[in-house]
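Beneath this line is the structure, given in structure tokens, with notes to follow.
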Amino acid sequence: MVVILKNTSTEEQIGELLKWLGKFNVSTHFVEGTHQKIIGLIGDTTTIDIDDVAAKDCVESVRRVQEPYKNANRRFHPDNTVMDIGGRETGGGKLQVIAGPCSVETREQLITTAVAVKQAGATMLRGGAFKPRTSPYAFQGLGKEGIDILIEARKVTGLPIVTEIMDAKDLELFADVDVIQVGARNMQNFTLLKELGRCDKPVLLKRGLSATLQELLMSAEYIMSEGNSKVILCERGIRTYEPATRNTLDLSAVPLLHQKTHLPVCVDPSHATGIVSLVEPMALAAVAAGCDLLEIEVHNDPKNAWSDGAQQLTPAQFGETMKKIMSISGFVGKPLWNEVNK
Amino acid sequence: MVVILKNTSTEEQIGELLKWLGKFNVSTHFVEGTHQKIIGLIGDTTTIDIDDVAAKDCVESVRRVQEPYKNANRRFHPDNTVMDIGGRETGGGKLQVIAGPCSVETREQLITTAVAVKQAGATMLRGGAFKPRTSPYAFQGLGKEGIDILIEARKVTGLPIVTEIMDAKDLELFADVDVIQVGARNMQNFTLLKELGRCDKPVLLKRGLSATLQELLMSAEYIMSEGNSKVILCERGIRTYEPATRNTLDLSAVPLLHQKTHLPVCVDPSHATGIVSLVEPMALAAVAAGCDLLEIEVHNDPKNAWSDGAQQLTPAQFGETMKKIMSISGFVGKPLWNEVNK
Amino acid sequence: MVVILKNTSTEEQIGELLKWLGKFNVSTHFVEGTHQKIIGLIGDTTTIDIDDVAAKDCVESVRRVQEPYKNANRRFHPDNTVMDIGGRETGGGKLQVIAGPCSVETREQLITTAVAVKQAGATMLRGGAFKPRTSPYAFQGLGKEGIDILIEARKVTGLPIVTEIMDAKDLELFADVDVIQVGARNMQNFTLLKELGRCDKPVLLKRGLSATLQELLMSAEYIMSEGNSKVILCERGIRTYEPATRNTLDLSAVPLLHQKTHLPVCVDPSHATGIVSLVEPMALAAVAAGCDLLEIEVHNDPKNAWSDGAQQLTPAQFGETMKKIMSISGFVGKPLWNEVNK
Amino acid sequence: MVVILKNTSTEEQIGELLKWLGKFNVSTHFVEGTHQKIIGLIGDTTTIDIDDVAAKDCVESVRRVQEPYKNANRRFHPDNTVMDIGGRETGGGKLQVIAGPCSVETREQLITTAVAVKQAGATMLRGGAFKPRTSPYAFQGLGKEGIDILIEARKVTGLPIVTEIMDAKDLELFADVDVIQVGARNMQNFTLLKELGRCDKPVLLKRGLSATLQELLMSAEYIMSEGNSKVILCERGIRTYEPATRNTLDLSAVPLLHQKTHLPVCVDPSHATGIVSLVEPMALAAVAAGCDLLEIEVHNDPKNAWSDGAQQLTPAQFGETMKKIMSISGFVGKPLWNEVNK
């Protein structure tokens, strides 16, 4: 951490600041020039709140040099985190593809879709039971019934199931779910994150619409600091000024997160673009960029879907896309899990 | 709602679409040109999910013409919503100023600050008991104890109290609070919004960091659609590429929201800028733009604050700012409530 | 400037870096901790290209502490820059209001509008002769003829004229113009900036659509480094994700620029919002925030304007707005120039 | 185009509007409901300025249904534009890779780099002679001398040369250049675009930092409307709130532009990310997304580069990256031109 002092700061103020900094486990280095005075802090600055430093009367500005997260930091945990999800090794050099509808609508819809995506090569099944919708007048999901249908679909197909939680109070309903998803709007629902940190399930944490990668990692840190280290990070598009796509898929996040953290990285091209015809090229690009998981929306009858129909592939479209994903994933050294475990 | 059809759409597809649209309470108008076919929908389109229309196979794109919110819409409720907050008429042509520290830290800190802001002219008291913090290692608030201290400060000063809720499960702790605040990160915590819709307290709803004004109004609609019409909207800065301020205060939101909705509009210059020296000019600008409430952070000793010290005014600074606010507010025809009710 | 070194950096690499830094007029301070090595540079770092430092093989990252601009920097020039524009003192504690149509269309249109805005209290006249338009099929301005008409309008009203240049090659056509405007799209047209730096006229430099305030100041520095110190900075809205207004007016820029620089600051609420009904509240807010100039679009017949009709006030609307501007400007201590020089 | 009328609009106002619309080559369709009146315009609306319509007194809002560009529109020109650049077919199903240093620094530096990139498989050579720099104190390029060195490097290697123009007045210096590049900051320098429209050379048009894809296409339209149809569009990162990369590479632009236009699409991962370690994964992702060209910065000695060293690959790194590019490009059906024309 580097603290730039005001030119007008007095020795007394600086003394007070140094005394206060003494409470933390850092060493301080004072640098004085003709026009500027700087204090460099060396050591574990994770527990120092940068805003607290900025508030001191002799401080002009503060810059953090080291990342404010520890558990999620590759610097301290060089090896990739690998987790077992229903027998599927995730984060360890194999690609996993999560597919399924936006919302669980009916038993028939989900099972039909689940069987189709399995056949096309998907390795996990998704489906929303609790749906965060912008409008209170839109379909809000089947709730518990949706989770029951997912569990049934797992019995039929053997695919582990991934579904979204919206509130910590519902956690017990997710006892038999394989991966709990946290949606973009809840990335900083800290109460929820802490609760998930106390359970033992993999959490698929989606990047907030305007979250920086550092904030995403800090939200992972919330979960990990409570004891649960099975966090998967998911890039799903960020909000920008460009109206042509629903969001802007930030694929640079994939290699950048791989540098910063040991956690697996997922990409969701369906929510990012919101446009069926862009899902395949962006899925291929994500694989070429090195993602560990893909999450793709597939519906047995998109034009009659109860939500997000415009971005869901048909099973036939998904089948074509999976063929290309399999080839590219093999080529970039992260083969589809199915291909390796036939 | 205007539906633009694909050039390749067949009569059968269009027939199906029209049949499906027949389920809603709208009339359809078909317009056919040489290169384009358009369907115009006239009537109450609030309950039509624009994504469902976009998913139909003959649809190229859809544009909404009418707003998707009803309860919050000035078109249907031309008169301003006026609410009574501890005897203070809010939204009815008087300015209210909420002031107080970022976090409740100690009994002494809050009461000292509360007495000071009251003396300077504030009409309500704020203070955070539950604190949403980016880092799990930062101070998370005093919780219930913080609310108890706020209630005590109300006894001492007579100022109604405003404090933030982070999770629906804590709602009963807020039974004796005057205004419940929903933070920017929870603007789309729909579970929380619905719960607040079922209680009878004013809700101060902060705009999400990357929320559009329409999304803010849709979140107000969530609360209102459950029965609680006492919603105050709060502009507190949005996330942009500009690093010089913490967020970019979008003051155009004030007159624009006044056109779109009958709900009172608040501005928070402290969180928007994150810089003490910008709070006063932005507070004055907000008043000139016509806001109904201001929320300003004041701390009896900002340089030792436990959170956000860099943006909190001292009581002396706040006193100076209040003098200017009183003059300008009178001038633009929305005098400070105190001045009218001496 | 603070240079954070890679943990893996060798003594040889660091030696090379220190030698290279020795070429600049700075002193270097080496700080070494258990996990980190940092070099602090003290002195005039303006001429060091931060990217050159970042490229060195032992460097992990670099942070600038001091601003990279000198001529525009208040730190080195504490007093406000005051300039005389046709007898009107600008930047010295009086408010100037530039008004007029988006485009010069005809002699009659401009003169009618010019007489009207003068009567309402405007202190300068604007009008576009060269028009940057997104579409090649839209009206591109009258060019030289437009400037001739502006000069005629100045004769009639006595108001100094402000008009936009689009290319350095046209500079001689602007010989008799009072203020040369550089549009947002040309804020980083460095060829043009350098040419303007060699002339002796006030330049109204508009902030680019996605320019940071520091980049705006660097563009001012381009002009100033060639010898012309008469630069006026203009906030005119930045591009964000919010679609409700054409751009997002960043009013915090006004006090922030006043802290960073001694140059006068202008606000253009017409282009920022693109909506007539928002021009007045945003103009008043800008004055409350302390701007030195306002630029407002006024047209004698907006609904038949050849460009940007939706954001231009009628003379009657402008008259009403000017009355309020006069009162508020007096109140915040920066009275309208007209009022002081009756 | 769809025009939504104000509820308060009178028959006379609507009559005037319809009369005015009669001047354009469109048919008008009036749709009247209980709460809303809409006019649908069918035909060629390219020449109607949407802002002119919005300015009419009876108009509430206007939405464009058809794209405002013609020459660049795939709807009217379904086949890909294929251009010959020094014998290299571009846009026709082969991948071209432009490589070379950010700036031309010396004869030796450029020729060394040119020979190396050719050997690694690059099909064109880049190098900046005129450099747009944020700071007036940074290296501004060698100008004409730089172009002479590029021409010499072409003689040595046979690679066509690509270099940036900053001002229309320099156009004659580019007479012997193969591709003229327009930088992001000049994407809306309309004077320059028109001049380039009158020459017969391929133009590599970079997307502005905050330009929408539609604006990029409108800038292409400026060039094409003057007669030059050889335009290459280049995605090079857009400005967002995320600070971890210099810009955010918007790869969805590749398939989206391929849908909207027949022009070839280039991706520049070097400027987009600004970080050497991200160039390879983003280059591979761009190829997987279907780009027609890549532009990659390579320098024989990046750590001593005169500009942008932190984003330039060494020849060895570029060689490794090219091997992977060749494999992936073959796989996605757009093989590297070299591979096909050995």
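Going in written order, the chains are labelled A, B, C and D, and every chain counts its residues from 1.
Keep in mind that, in the parts below, contacts are C-beta pairs under 8 Å (C-beta built on N, C-alpha and C of every residue); 3 or more make two chains touch, one makes a residue touch a chain.
The structure presented is a predicted model; accordingly, all values stated were derived computationally and were not measured.
Using the contact threshold fixed earlier, the set of chains in contact with both chain A and chain D is B, C.
Of all chains, the one whose Cα centroid sits at the greatest distance from that of chain D is B.
At the interface between chain B and chain C, over half of the residue numbers appear on both sides, which makes the contact a same-residue one.
In this assembly, the C-alpha centroid of chain B lies 40 Å from the C-alpha centroid of chain D. Each chain gets a centre from the mean of its Cα atoms; for chain B and chain C, those two points are 31 Å apart. Our note on geometry: chain C versus chain D, Cα centroid distance of 27 Å, whole angstroms. Looking at chain A, residues 210, 239-241, 243 sit in touch with two or more other chains.
Considering their complex, residues 2, 4, 27, 29, 31-36, 38, 40, 42-43, 61, 63, 65-66, 239-241, 243 of chain B touch chain D.
Only residues 210, 212-214, 238, 240-245, 248-252, 254-256, 259, 272-273, 275, 277-278, 281-282, 284-290, 324, 327-328, 331-332 of chain B touch chain C when the two sit together in their complex. By the touch criterion stated above, chain B contacts chain A in their complex at residues 46-47, 49, 51-52, 54-57, 68, 132-140, 166-169, 185-186, 188-192, 194, 209-210, 215, 218, 221-222, 225-226, 239, 302-310, 312.
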